[in-house]
Amino acid sequence: MKLLRSKIFFQGVLIINSIMVLLPVFFLLNSSLRESNDFASTPFALARDPYWENYARVWSEGSFGSYFFNSLIITGGSLVLILILALGAGFVLGRYQFKGNNLVFGFILTGMLVPAKLAILPLFIQLKWMGLLDSRLGLILVYTSAALPAAVFIMSGFFRSLPNDLDNAARIDGASEFVLLRRVLVPLVRPGMAIVAIYSAIPIWNDFFLPLVFLQSPEKKTLMQGLTVFFGQYASQWGVLFAGLCLAALPLVVLYLVLSEQFIKGLTAGAVKG
Amino acid sequence: MNIKRFRGLVAALFAAATVVAPGASVASADTELTFWSWRTEDKAFYESQIKLFEAKNPGISVKFTPYLNTEYNAIVSTALTAGKGPDIIQMRPYGGMANLSDAGNFLPLTTAEVPALKKLSAGILAGAQGYKDKKQYGLPYAVSALGVMYNPDILDQSGIRALPQTWAQMLKAFDKVKKAGFLPIGNAGGNGPALEQLHATVGPTFYGGTSFYNDVVAGKKTFTDKGYVASLKAVADLAKYMPANYQGIDYNTARGLFANEKAAFYIGGNYEMGYFRSLNPSINIGWFPAPKANSGAKRYVGTWADGAYAINAKTTNKAAALKFLNFLGTKEFGQALVDEIAFIPTAPYVKINDPAVKEINRWRTTLGTPFLNVVGFRFENPTSSSILQPGFQKLIVGGITPEQLAKDVQTAVASWYAPQKGKS
Amino acid sequence: MSSALRREQNRTTVSLLVPALAVIIIFTTIPALTTLSYAFFSWDGFQRGGFNGLENFQKLFAYPYSDQLFAALKHNTIAFVVIMTFQTSLGLLFAYAMFRIKRGLRLYRVVVFLPVIFSLVVVGYLWQALLDPFYGPVNQIITAIGLPEFAKPWLGDTATALPTLMFINLWRWVGFPAIVFLAGLNAINTEYIEAARIDGASEGQIFRKIIFPLLAPSLTIITVLTFIGAYEWFDLPFVLGGSNGSPAGATDTLALMFYRLSFGSIDSGANNVGVGSALGVLIFTLVGLGAAFGSKMLRKREVEQ
């Protein structure tokens, strides 16, 4: 087990992994900057002379600007709702002892077992009945429901890990339960909120199936939904296709880079203590 | 936040959830029709045609929305079953739409409302009829024909002077092409449906074309028939002429090999021509019907009505939708469809200008035989296609024998198709 | 606890739990139960017929569905075992490596997690291009280093398709266990480790005796999530192999089978909602039992700590 002592070994492992991750990513970026027609014969050639037109083409094609905006609204709206609801439910389930706590917790966890695709037909009929079809709000509520179980699971873990003295001190100072939650505890579970935000945002931003089914108006389409059409249209133009892929991946990468410190801190602070 | 304010917020959220109406479509004098399709590649074509329609029909606008083809069935069936969906729907024919038309999702069409239907032959109309009630639910717009496409320049360079007439001659030609340093066929195994089309092209001469079709449909013969097994074996025999690593080559790459003049032949439908030309506008393409199995056999061209336009039974714009459907049935539209996408028109009054398409259509009218799986056996699950598509992928790598595959198809079809029940 | 406080807590409980529960019940529980109920009716296309008891289940366990069902179940199970073994141990290795080094840590933390945030569409298209048997860079590299016999049609050969999918899955997901384990490692009190070092314990002993046992809760979470993910595996096989699990059903999974039974496809025709829903019941039961068992273990461990 000498290996375990050697920092060079660990550096080596991480460097190899980084190459494995970054090489395909580089291929993606490089390909997005090449003219399409020579792609098939020389997939490797470096884009020495970057062909930015691919990006211009993606942006001008269809309504990428509006797709982008819709994706932001839907992902952002869902995140706000998920965070508010998960904070509340996580607080109650994590800090209060009451009859049925375990039962409610278990019930919420069953929500993690149901992929939305499994129930698409009844969900469609139900949304229609509620007047929430072809509506961004309808989609936001569906996403919220899908992400909430995991979010409550994570938040309740964080609330449970905070010392009880905090509550009692605040109560002695005359704080109501809501003030206790908002003023004292929320700042302490911020790292957990970062985890919930990232874990929820990834599948919501990247999903194209539910928008395809639930949104019909062209002006409400999301980015991934728009991309699927785009792929068919440009099936043989790799450069444009890859440029589209890069643009679609960008916002989440930025979100991750911005939140990553909080996120790592959050995981460290207690999510994994369950 | 105090409890009252929080409650207020939650209540407001739910109120908002139930009050905000979908789309909140503003009432206006103009009618907007929605039109769905799985043909993402034809988006530009349809949009330009819609402009022509709108210019002639002020007050009606049409919004064309293509969806990802692999998700199209899920999206359309979900929407229609829930009583929503677009005004006009592009559908795959036969079993592709029968499930939905039998459930009353489409408007039955009459020749009075859609005169273009009068001009179509009975065989073509059948593609867009209900499976149970045989009512007309769609306007078929294209016929497809299967054959062998070839690159005359490569054949020249390989020293092939005459087009093959028999199966043996064709395999000999493949060998010659190989010797000359080209790929014999671009066809590959990555895509199940493409292999099924390959079989529908070269297979009928082995099983006896239309008479076998009629016998199987009537329950007089089964899929385990010797001729049918031989037709499956023919597909397996082609494997060695496919590109190296053919099992993993996807549909677009396979077609790209022919389009980029690396492969001499491509076996499949006329609809591939548009794709070939979009990749390589200067390519020279010839076409001939699949060769006969032996000198005593007959040649066949597999054919079927390959798509139809239907109207949603629940449309609120029936008059406008019919107007648009009639536009899709006009000579001008049909002509554009033929000229720009190289489809074979359903209507006899559309002129084919493309010499290759003309040639295909000439053969089709004399040698045509129904695409067995599409025309006959896609109406209930397990369809014959759902067994054959993965089956062919196994067959070409030797993972299953033609006899076993034939037996599997028979068992699957016999499980729901009454005339075949209990037969093996 | 004073009764005033108790009353306030009861009010808080109701007003905070009800909205979350309402959303889950309305948008997840009710639609899911409705789908499951479809399994007990006969279906004609998309029209529901009469109640037909367990007939759909009988069909599901007869040819040709039974063949597909057991093949798919086998693929899901292989995926669970392989992903659990390789993805988790590699994740642990990366986490431990990051735990032991300082230089470049910030960079590695971002890079390791980067593929996790990529959309599946992006990952799918990217790897399809990389692995293309004709033009793909992967085979060109393999040929260039003198091993042309290993330049395979990775996604098209029935023997390599499933392993290739699992590799791509690993490429995309390994950052998840890595980050979770890293967090678990960081939460360990370093004093224990230092003390053991002073007592002369080897790094191997420290890892086995101190670190690994303390990572048990992280491992349980990963196990449960991997279990759910593996038995509901859909997106990656769908993007790369279509709804038939191409080639020749080699990448078929339970969820793919459910999807094509429910909706049919424009390439192969009609659907069968009844049998599809019967399969849905089966998947739900399987995953539910597995996850419940896993969660129970999770709670038990928590008590022991």
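As written, the chains take the letters A, B and C, and residue 1 is the first residue of each chain.
To be clear about the criterion, a residue touches a chain if its C-beta (ideal position, glycine included) is under 8 Å from a C-beta of that chain, and two chains touch if they have at least 3 such contacts.
All of these numbers come straight from a predicted model, not from anything done at the bench.
Asks: Could you pull out the chain whose C-alpha mean position is farthest off from that of chain C?
Replies: B
Asks: Which pair, A-C or B-C, has more C-beta contacts?
Replies: Counting C-beta pairs in contact, A-C comes out ahead.
Asks: When the centre of a chain is set as the mean of its C-alpha atoms, what distance in Å lies between chain B and chain C?
Replies: Spacing between the chain centres: roughly 35 Å.
Asks: Just curious, how far off is chain C from chain A if you go by their C-alpha centres, in Å?
Replies: 16
Asks: I need the residues of chain C touching at least two other chains; which ones are they?
Replies: Only 12, 15, 19, 135, 259, 262 qualify.
Asks: What residues in chain B touch two or more of the other chains?
Replies: 3, 6, 13, 69, 74, 78, 81
Asks: Counting only residues that touch at least 2 other chains, which ones in chain A make the list?
Replies: 40, 81, 121, 141, 176, 178, 208, 228, 231, in rising order.
Asks: Over in the complex, which chain A residues touch chain C? Could you list them?
Replies: 1, 4-5, 7, 10-11, 13-14, 17-18, 20-22, 24-25, 27-28, 31, 39-41, 43-44, 81, 85-86, 88-89, 91-93, 96, 98, 104, 106-119, 121-123, 126, 141-142, 144-146, 148-149, 152, 171, 176-178, 198, 202, 205-206, 208, 224, 227-228, 231, 238, 241-242, 245, 248-249, 252-253, 256-257, 260, 264, 267-274
Asks: Looking at the complex, which residues from chain A come into contact with chain B?
Replies: Touching chain B from chain A are residues 40, 81, 84, 120-121, 124-125, 128, 130-135, 137-138, 141, 176, 178-179, 182, 208-209, 212-213, 216-218, 228-233, 235-236.
Asks: What part of chain C is in contact with chain A in the complex they form?
Replies: It is residues 5, 8-10, 12-13, 15-17, 19-21, 23-24, 26-32, 34-35, 93-94, 96-98, 100-101, 103-104, 107-122, 125-127, 129-130, 135-137, 140, 171, 179-180, 182-184, 186-187, 202-205, 207, 217-218, 220-221, 228, 232, 234, 255, 258-259, 262, 280, 283-284, 287-288, 291, 295, 298, 302 of chain C that touch chain A.
Asks: Where on chain B does chain A make contact in their complex?
Replies: 1-3, 6, 9, 13, 16-18, 20-23, 34, 39-41, 43-44, 63, 65-69, 71, 74-75, 78-79, 81-84, 86, 252, 256, 260, 275, 278-279
Asks: Under the touch definition given earlier, write down the residues of chain C that touch chain B in their complex.
Replies: Per the touch definition, chain C meets chain B at residues 11-12, 15, 18-19, 22, 44-47, 63-65, 128, 131-135, 151-158, 161, 238, 242-249, 259-272, 275.
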